[in-house]
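Could you have a look at this structure, given as C-alpha cells, before my questions?
To keep things simple, chains are lettered A, B, C and D as they appear, and every chain counts its residues starting from 1.
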Amino acid sequence: MTVRVGVLGATGAVGQRLIQLIDPHPDFELATVTASSDSEGKSYREAAKWRVESPIPADVAEMTVHETDPEDVPSDVDLLFSSLPSSVGEAVEPAFVEAGYVVSSNSSNFRTDDDIPLTIPEVNADHLGLIEVQRDERGWDGALVKNPNCSTITMVPPLAALNDEFGLTDVRVSTLQAVSGAGYSGVTSMEIIDNAIPHIGGEEQKMETESQKLLGEFDGAEVQWHDADVAASCNRIPTLDGHLENVWTDTEADVTPEAAAEAMGEYPSLDLHSSPDQLIKVFEEPDRPQPRMDRMAENGMQVSAGGLRETTDGVQFNCLAHNTLRGAAGASLLNGELLLEEGYL
Amino acid sequence: MTVRVGVLGATGAVGQRLIQLIDPHPDFELATVTASSDSEGKSYREAAKWRVESPIPADVAEMTVHETDPEDVPSDVDLLFSSLPSSVGEAVEPAFVEAGYVVSSNSSNFRTDDDIPLTIPEVNADHLGLIEVQRDERGWDGALVKNPNCSTITMVPPLAALNDEFGLTDVRVSTLQAVSGAGYSGVTSMEIIDNAIPHIGGEEQKMETESQKLLGEFDGAEVQWHDADVAASCNRIPTLDGHLENVWTDTEADVTPEAAAEAMGEYPSLDLHSSPDQLIKVFEEPDRPQPRMDRMAENGMQVSAGGLRETTDGVQFNCLAHNTLRGAAGASLLNGELLLEEGYL
Amino acid sequence: MTVRVGVLGATGAVGQRLIQLIDPHPDFELATVTASSDSEGKSYREAAKWRVESPIPADVAEMTVHETDPEDVPSDVDLLFSSLPSSVGEAVEPAFVEAGYVVSSNSSNFRTDDDIPLTIPEVNADHLGLIEVQRDERGWDGALVKNPNCSTITMVPPLAALNDEFGLTDVRVSTLQAVSGAGYSGVTSMEIIDNAIPHIGGEEQKMETESQKLLGEFDGAEVQWHDADVAASCNRIPTLDGHLENVWTDTEADVTPEAAAEAMGEYPSLDLHSSPDQLIKVFEEPDRPQPRMDRMAENGMQVSAGGLRETTDGVQFNCLAHNTLRGAAGASLLNGELLLEEGYL
Amino acid sequence: MTVRVGVLGATGAVGQRLIQLIDPHPDFELATVTASSDSEGKSYREAAKWRVESPIPADVAEMTVHETDPEDVPSDVDLLFSSLPSSVGEAVEPAFVEAGYVVSSNSSNFRTDDDIPLTIPEVNADHLGLIEVQRDERGWDGALVKNPNCSTITMVPPLAALNDEFGLTDVRVSTLQAVSGAGYSGVTSMEIIDNAIPHIGGEEQKMETESQKLLGEFDGAEVQWHDADVAASCNRIPTLDGHLENVWTDTEADVTPEAAAEAMGEYPSLDLHSSPDQLIKVFEEPDRPQPRMDRMAENGMQVSAGGLRETTDGVQFNCLAHNTLRGAAGASLLNGELLLEEGYL
C-alpha cells in the first residue's frame, strides 16, 4: 500500500528533483503538486520549466498545479515534501502542520528551532522524538521535520563517524560548491565562468549551527547541541552538481588517518529505500572524490571521502555529496521514508 | 644602463610570461633564451608555442634558442631567470651559479635548502643575506635565489602582516587553484570541466614548509623557520588564472577582523619596478576577491584579501593572487629587481 | 574642446562598458547618466552593480543617476549613447531626438526602419545621409543613429570586403556566441556549463536583415538593401566574450582564398579615435581567430578572420569580434565619433 | 550463445567506453583486451587509467592486457573491436583480418577505401556487401568494417532521411564539438576554457568525404558516392560530450520544415540490441537539442534534431549525438551487432 504524497513548491529546481524521485518510488504516490499563485490551474508541464535531464514523467506532466494552501491539498494526502523558498515556508508550513499534514521540508526556515527535528536519517534518526515536543508545545496534529542545508549534509556523516569514535572539538571546513545549489537561476554564467566566489550568503552560518544541532544528543525533551567549534568558509565554483569540502578536525582522542577511514567506511547506513548500501565511501586515491566522477555514487545518495591526512590534533579529509540529491531532494525523501518507517504517517 | 638578462626554460608557460614582462622592462634587456635541446638553433617563434594573449614581442621572436648550458650563454649576461622543470633546475642551476651567474629561479628545487634564500621581496628581503653563506659554503661566484610556489606566495603576505602584529601559531589553508598553475598542458579539459580535483601532488607540502621558511628570522647565519603549525589542502578548479585561498589563523595576541584588515592593508610594499603601490588590498565586500575580477589588480602583482571573520582563536580570511604573475614570472622578476637594487649584480 | 555626452541605460552591461570607454575619451566628457526610475537619485556606484574588471571611474561613481527622460538631461549635452532595453528605447528615443538630442543607439528598436541609419562607420558611413530624411519626415531636430547587433557586426566587415571585390549572392553563417551578449544575467550557469544552446531568439532574423541593410546602397534618398540571400544559425556557448562565426559565401565573380584574404586585410579602416589601425586581421593559422586569444585585438575593436577555404561557388571563412566592444558599446561610441567628425553635433 | 569478442586498443577513451558497453551485452562476451606494448602483461586495471564515470567492471579489471598482435589473441575469439590510433590501425588491422578475424573498427584509416564498408547500420547496412569484394581482392578470410567519424555520424542519419525523400544537392555544416572527441588528453584546459577553436585538423575533410560514401549506392560491386556538395567547418567548444551541428541543405525536390521533420522522425531504426527505438528524435522547441540535455537520449544512441527552418533552396536544421557512444564506441558495437545479425561471424 502506497502513501499519497504531495510536493509544495514543485516547480523549482529541488521540486523537480523530488518529482523525478517520487515518480518511480515504491512506497509513495504523487497526489498533488503546488506552486505560487502564478502557476495555479496550469498543468505541471506548463508551470514547470523542466530542467532535469531525464524527461518529465508523463502522468505528472498533466497534473494540475494548485496554490500552496492547505485548503487546496486533498485530505487523503498524508505526507508533503516542501521545497518552498524559506520565506514562504516560514509562512505556510505551520498552516499545513496545524491542518494535520506531516511535512518533510528542505526549506531553511525553522531548522534550528528547539522543537523542530533536523535530521539525516543515518545520523540522528532519534531526533524525530522532537515531534512529540512540537505537538505538545504547538498543538499540532501533523509533524514538521527538516533536513539540513546541502553543504552541511555533505560533511556531517563523516564528522559523525569521527565524533562517535574520537570526539570532535574543532572543525574547519572550506567548501567548493556547485552552481545548482543556488537554484536554476541563482548563479549567472557571467559570474562564474573562469571564476570562483568566496562567499555564499548565510551558508557559513548554516554549516556552523546546523552541524552542532545534528551532532547533538536528544535526551527525550530537547537536543543538547554539540559544542564543537565549527568555522566554515563557503565558495561557489563552476561545477554543475556536487559539493566538495575540505575539512580539518581536532579530536579529543588520538586519531590516525587509517582509524578515521575505518570509522567512516564502517559508519552504518539504514535500510530505507533511498539509503545507500554504504553511507560513506572512503577513497585511497588522494585525488578523489571529485564532483563529476563521484556525485552519482549509489544514485547520488552516497557521501564520498578521501585525502585523509594526520594533523597535529586530529585529521584532515575531503568529502563530497550530490547537493540536490543527498543534499536536498533526496534528503527530504529520506526523511519521508524515515517518518513512514517510524510510524508517523 | 640596463642589465643584460637571460631566461632559462624560456619556451614554457612561465618562460613566456617572463618574456612578456622583460620585453618592456626599463632595467632589463633580454640577451638570451634557452630551452631543451629539441629547440636548440630554432628561432624563439618556432620553438615556443606562444600562448600569451598579447602578441610575441617582435625582437624576441627572431632570437635563436640556445641549449640550457652555461657555455651557451653569453658572458656579458648578468642575471638569469630560471623557469626550468625542477628536475632540470636541480641539475643545471648549480652549474650556472658556479660559472658566476646570478640566477633568480622559479623552479621548486632547492627551495628549502638551508643556504638558498627563498624570498618575496616585500616580506623577507633580508634573507638575501644567505647569498654570502652559499658563496662561502659552495664556493660559488654567482648567486641562487628562489621564489616560492604560487600557492604559497598568495597567502604569505597577509600571513606576514598578521604575524608581525599578532603572532601566528596555527594556519589552515584551503586553495582553489587555477589550471595555469600546472603549465599549459598540465590539466586536460576532460579532467576539469564541471569538476574539481581535491589534491595537487606536492603542493600541500610546499605550502606548509615554504611558508615557515618565508616567515622565519634570518640571524645573519641561518634562517630560523617559523614554528606555526601550517596545514594545507589544495584543490584545482576550472579557472584559468588566479589562486583563491581560504585561510584560518590562530594568533598569540587577540585580533579582530578590523585590526587584521588594517595590518594587511598597511603592510608596506617596496619601490621596486614591479612591486604594486599597495601590496595587499583588503575588500569589504564579503564576496571578493574573485579570480576573474581581481587577479589583474596592479598588473597582477597585488595580493587581494577579504572575507575577514573572527574565530575563537584568531581570524579567517580569503586571499587571492595571479598565480603566473605575482605567483611565478612576476615573483622571479621581482627577485631580480631586488638583487639589482641590493647590489648583487 | 570636448563634447558633453550622456549615457541612457547606464547601469546595464553595455552601459557599463560605455562608461569605461567614455571616461578616458579625448573628445567626450560624460555629463549625465540615466537609468530606470528605481535608480533615480542614487549615486551611479549604488545604482550600477559594476561588473567590468577595471574599477569604476572615480568621478563617475559619485554622479547622480537620473530618470531616462528628456527633461532630466541637461540641455548642454549634445550626444547621448543609448543602451536601453529595446522596448524602452522604442518608447523614449524619439522623445530625445524630438527634443533635439543626437542619439547613438545600440538598442535593437528601429534598426531596419527606412529612415534610420544603421551604420558601421568603416563600412557604410554614407548611410548617415538618412539623417536628413528622418529630419524631413519626422520633424526631428536631433538625429537617431543605430549600430547593428553584435553578431551582425562581426561578419559584416569581411562580407563587405568580399562584396566590394567579388559580389555576394549567398551567405550562410553559424555563430558561436559568448554569454555576455545576453547581458549580465541573460544566461544562467545551469543553462550553459557543459552545454550549448542552438538558438537565440530573434538573433537569426537580425543577422539576416541587418546585414542586407548594412551592405545596401544609399542613393541620397533611401537605402537599397543588398539582395544577397542570408541564412543564419545562432548558438550560445560557454565563453565570456567574443563571438566566433563560420561563414560560407557564394560570389558573383570567381574568388580564391588568397584573393579573399587580401580583400579583407586591405579593407580600409577610418581615422576615428576608436577605429583600429587595421579593420580586419586575417590569420594564416587555421585554428585562429579564437575568442579568448583574439577578442581584445586593438582594444577589442578589430575584427579577426581566418580559416579561408575555397568552396564550389565562393569561399568559407571564420570571423570574430568582441561582442560588447566592437559589437555594442564600442560600436555606439564609434558612431558617436563619426557623428562628431561629420558635423552632426 | 554469446560471441567471444576482443577490444584492440582497449585502454584509450573509446576502448574504455567499449568495455563499458560490452560488459552487460547479451550477445558478446569479452575474451581479450589489447594495448600497446607498454601495457603488455599488466592487469587492465593497472594499464587503463579508467575515466568512465561508472566503475570499471570487476571481471575486466583483472584481465591481462596483451599486445595488439594476432598471435596474442585467442583463436576462439570471433569479433574484434578496434579503437586503435589510425596509424596503428593501418599497420595491424590487415594482419588481424588476414588471420581470419572479423574487425569492427572505429579507427579512421581505410574509411574511404573502395572495398571497405563504411557503415551506420540504420543508414547503409547493405554496404556490408563490400566484404565479399574485399575478400576477393585482398584474399582475406575475415572482414574489416568501419564506422565513420563522430561528427559525420551525427549528421548523416538526418541527411539520409532528407536525401531519400527530397534528394540532396548541397550541404553546409558547422559543428560545435565536445572535448571528449579528441580523447582524454586531446584538448588542454588552457586551450578551451572561455574559448572555442575554429578548426579540427582533418575533421572537415572526413565529414565531406565520409558523408558522400555513406549516402552512396552500393550496386553489388562498388559504392557510387553521392555527389552532393558538402562543406564543413568544425569547431571545438567547452562541452564534455555531445556534438551539436548546424546544417543547411539544398534539395532537388521542394521541402518544407514540416515535411523534413516528418521524414526524419519516421526514418526507420533497426532491431539491433543497441539501436534506439527511434533513430531521430525531432524537437519542436527551437532551442533543442542541447548537448547536456539530449546526448544521453536512448542510452546515447539516438540522434536528435531540431531548429528546422525553410531556406531558399531547402531546409536548415540542427542535430546532435553523443560523440563517444553513437559516434564512436556505440557505432562500432552496432556494426558488430549487424555483422552478427547478417551472418558474418
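Assorted remarks:
The rule is short, and it goes like this: a residue touches a chain if its C-beta (ideal position, glycine included) is under 8 Å from a C-beta of that chain, and two chains touch if they have at least 3 such contacts.
Bear in mind the structure is a predicted one, so any value in this text is a computation, not a measurement.
The most distant chain from chain B is D, comparing centres defined as mean Cα coordinates. Centroids of chain C and chain D (each the mean of its C-alpha atoms) stand 42 Å apart. Separating the centre of chain A from that of chain C, both taken as means of CA atoms, is a distance of 47 Å.
Chain B has residues 193-194, 238-240, 292-293 in contact with two or more other chains. Taken pairwise by the contact criterion, the protein chains are fully connected, each one touching every other. By the touch rule above, chain D contacts chain C in their complex via residues 172, 174, 176, 194-199, 201, 204, 229, 231, 233, 235, 237-240, 244, 246, 248, 286-293, 306-307, 309, 311-312, 316, 318.
Against chain D, the residues of chain A that register as touching in their complex are 53, 193-194, 292-293, 296. Against chain C, the residues of chain A that register as touching in their complex are 51, 179-180, 184-194, 238-240.
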